[in-house]
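You will see chain A twice below: alongside chain B first, and alongside chain C after that.
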Partner chain A sequence: MHRALTLTRRRIVSSIPVLLIVIVGTFLLLEAAPGDAVDAYLLSLGGGDAGLVAELRQSYGLDQSLLKRLTLYVGALLRFDLGWSVTFDRPVLDLIAERLPNTLWLMGAATALAFSLGSFLGIVAGARPGSLTDRALSTGSLALYAVPSFWLGLVLVLVFAVDLRWFPTAGIETIASGKTGLARVADIAWHLVLPVSALGFIYLALFLRMMRTGMTEAWRQDFVLFARAKGLARRRIVLRHVARNALLPLVTMLGLQAAAMLGGSVVVESVFAIPGFGRLAHEAVSGRDAPLLTGIIIVSAMLVIVVNLLVDIAYAALDPRVGSGEAAS
Partner chain B sequence: MSAPLAEIRGLSVSYLRDDARSFALRDVDLDIAKGRRLAVIGESGSGKSTLALALAGLLPPQARIEGSIGWPGLAKPPVAGRDIGMVFQDPGGSLNPVLTIGEQVAEGAVRHLGLDWRAARSHALTLLERVRIPDPQAALRAYPHQFSGGQRQRIGIAAAIAARPGLLIADEPTSALDMVVQAEIVALLDELVREAGMTLVFITHDIALASGFADDIAVFQRAQLVEKGAAQAVLAQPAHACTKRLLAAQIDFSTPRLIDGVADV
Partner chain C sequence: MNRVAGRLLHSPEGVAGLCLLVLLAAMALAAPLLFPGDPLVIVGRPLTAPFTDPTLPLGTDRLGRDVAAGLMHGAQTSLLVGLATALVALAAGALVGTVAGLAGGLVDEVLMRVVDAFQIVPGFLLALAFVSVTGASLPVIIFAIALGAWTGPARLVRAEVLSIRERDYVAAARVIGMHPAEIALREVLPNALPPVLALTAVIVATAVLVEAALSFLGLGDPNVVTWGSMIAEGRNVLRTAPHLSIVPGLGLVATVLGVYLLGEGLADAMAGREARG
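Let's turn to the complex of A and B:
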């Protein structure tokens, strides 16, 4: 427990400069991109005179110097104010609070599916490397991994939503159903089955292959030979000695995948018309909505930092050599 | 003399490599006498470790085995762990880095002695005391990286004898350790074998180390058994050139320098 606390403290301290770099970097990058919210607005209007442009720029504060705007923005951030979305004409924080949970459910469920089923099948394959089961699972997972998630999503929709009508084709819940409590949760879960499968099955293949490779390596370790020399049950050797050690790189992978999945969710949210975080980012880009986009990037960065902190704590719990102050040999 | 514990007859172990068979052991005949200490001596690659794996039934599936190993000293064919304990060369690698010492010492007892985990852990505590691990109570909850090489080897020995096997095979148990620790491990093995009346097969390349406490000696060279007999007889009158060379290769203070031209420091 003490190790987890030390780790948390160290991670939080080191994440402050990371966040600062993300904030300033995003701000400058958006500044360097041609066009601003006023351009995008005028484009939607079909044009406007120079007076209107100047007036709009002034009201948004876009006429101020770069440094002044950056200072204002960071100052507001410290008060947990992410600014005002130009396209939605609403506070950025409200928008994010509305959209983020949908994506978190999607990502959380997809990660849980990918990790649990992936590592389970990886253990099945890695229990006997080179066996028929292993080869079938390895080939199957490779095929799955090669499939793009939008294609898998569309196929799932065609088969399970259009033909079989088991699941809804799109959306996060039944619109205006008036459902509350458990019924609403069930409704959302029912809507999430296909998108979670589309996103999760791709990553499942990754975890499966990683588990299998890790186990193949672990079988060659001396302690596995020693476990066999102790005459232990095969099940115990596979689970406690081989799989237990192969699990460690998977946990590291879990942290890396969180970031990739956040990006991958844009595609799946578009296919399944889920009002999520990824789609919000897409909308912010097309509306040249700098405050919204910056807010989304900052929240994503924080999300990735938090997930990686959790992963580090999990890793420290799984590997006694981490953070014990002694070099692992 | 009573029936030997194990009778090895015409044992050959070979692997197929590039369509050619390469022998790790070739036509070995050897008896392992019950309650005695057999030192198996040979250079690297002489097949002595293969003999250990063959005795414990741990050869990889691609190994081709000919000949037989009979166990007249046992009522039933031996089971690894229950009847044969193994101690390996690298004490760092033979313990699982992510499991507690307690679990790794106790698991053999759970498997073979029918103990539950609580009883097995207290059995493990006794074993850790016997191999003289400092603060055995704390050691149960500790992990391998918290111990020195010599301590890890003691833990490995404790785990190997957890199910009270009648035969202990130690495969180069001291080669990865320094001289002082080597002597301690050999003394510990000697003591444990004596107390429990175990048969010991001690595999080493170090004839001096073996000569100290072995009853019998078997010398291997290039996959073949070249000399066997009572330790004193073999050491006093080595019949085979290989044994003579191994005896001559002992390094002591009268040994000429291995590297010439190095000034005294």
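Let's turn to the complex of A and C:
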């Protein structure tokens, strides 16, 4: 427990300057966009007179200098205020808090699918490196990894929603179904099957290949030779000795692919019309909503930091060789 | 070099990847010859079915544009974006990694924090934001995708430079009074680059997929045919003409798979392995 706390503290401290770079960078990037939030708002209104424009600019603080606005923004961030979304006319934080859970469910389920199925198939492939099964699984997973997630989503919709009618084509739950409790959970799960598959099957390859490589290396280790010399059953060697040692690096992979999966959720949520965080990003871009987009990027960076921290804690708990803090940050 | 090529041609992965990519490159190069003119113009009746009109072998899309021409020109866009992004990302990464590794101290610290910052922002979101700010055109898209791809090379080059700068030949170059910039360019960088080239395949593949996703969301260059925008177009008639979305997607899979297979074959060949296993 003490180790986890030390790790957490050190990670948070070292994340602050990095996060600050993200905040300033994002702010400056979106400041460089032609037109500001007021222009976008007026466009949605269909125009307005000069007096209104000046008034709006003042109320959003857009008449201030760049540096002044940046300090105001960072100051507001410290009070958990991410600004005001122009397209939705609501606080950015509220929007993100409303959309994020859907995406976390989607990503969590996709990660679970990719990790469990990927490591299982990786064990099958790595049990006999170089065998026909191994080569078929390795190449097959590479082909899967080459598939664009949005296209896989469309193909899944075509087969399982349009032709077979097993799953709904889009949405997160049946609209106005009046379902509550467990029935609603089941409904949401049913809606998430296809999007989770579209996102998860692609990352499956990553875990499969990593597991397989790790196992191929573990086979050459002395302790495996010893286990074989002892006359242990092959199945036992594969599971208890080879696979177990290859499993640990996969935990690190969980953290590494978090950022990629968050990006992937943007397209998958757009394909399946899931009101999540990723689709919010797309909506922010379409609506030229700079405050919203800035908020989304900052929150996603924080999310990646948190996921990686959790992965590090899990890693330290799983591998006693990881010291309480001597390891590099 | 010849031995590497020989081993590459003996690995099934390498040969398969090479074949796929040669085929796609041929498609891309032949596109302006076989289908001269703008592939975005309307040439026939909307939604002509494939194999019904000999002048339009693969039929037309919802707006009456030639699908075959789109596919060929789309190969051009995908390959161009993939290669150009890798070039930009590797150059930027090599520059930052070399400077950080050689300068050390505060410069190194600051540069590596910037690398960290770029790594915790999902590359796709970064590209999305950048394109939305500057407006979509092919160079902008290439730069936007490279923004999320240069950090890997930067880290790797820095690590290489840190080990190389302690070697005797660098010390010797310093002793004979070579300018630090010359040492960086002539002694350190050429030796730091080879391991980094192994990242090329992943960068090219990711770039092709990111570009496709951007186009799919309607954020690609509107004046260029891309497979992503063809998939998005076909999506409107997914039930009646699914091939309009499926075929360009197969093109993407073939490209990315080709790049991965070739990358894997090359890595094995350079490591001196005949075949994996």
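Keep in mind that, in the parts below, the second predicted complex is superposed on the first by the 306 of 329 C-alpha atoms of A that agree within 3 Å, B and C clash if a C-alpha of one lies under 4 Å from a C-alpha of the other, contacts with A are read in each partner's own complex, and residues count from 1 in each chain.
Here is the rule we go by: a residue touches a chain if its C-beta (ideal position, glycine included) is under 8 Å from a C-beta of that chain, and two chains touch if they have at least 3 such contacts.
This one's a predicted model, so the numbers in the text were calculated from it and none came from an experiment.
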First (chain B), second (chain C), both or neither touched by A:124: neither
Touching partner for A:306 - first (chain B), second (chain C), both, neither: neither
Which superposed partner A:147 touches (first chain B, second chain C, both, neither): second
Chain B versus chain C as contact partner of A:233, first or second or both or neither: first
Partner chain in contact with A:245 - chain B first, chain C second, else both or neither: first
Partner chain(s) touched by A:221 [first = chain B, second = chain C, both, neither]: first
Partner chain in contact with A:320 - chain B first, chain C second, else both or neither: first
Complex contacts: residues of chain A adjacent to chain C: 17-19, 21-22, 25-26, 29-30, 32-33, 129-130, 134-135, 138-139, 142-143, 145-151, 154-155, 157-158, 162, 216, 259-260, 262-264, 266-267, 270, 281-282, 285, 288, 293, 296-297, 300-301, 304-305, 308
Of chain A, residues touching chain B in the complex: 221-223, 225-233, 236, 240-241, 244-245, 248, 318-321, 324, 326, 328-329
Chain B - residues contacting chain A, complex: 56, 58, 79-82, 84-86, 88, 90, 92-99, 103, 107-108, 111-112, 143, 145-146, 156, 159-160, 162-163
Touching residues (chain side chain C, partner chain A) in the complex: 13, 113-114, 116-117, 119-126, 128-134, 205, 209, 212-213, 216-217, 219, 228, 231, 235, 238-239, 242, 245-246, 249, 252-253, 255-257, 260-261, 264, 276-277
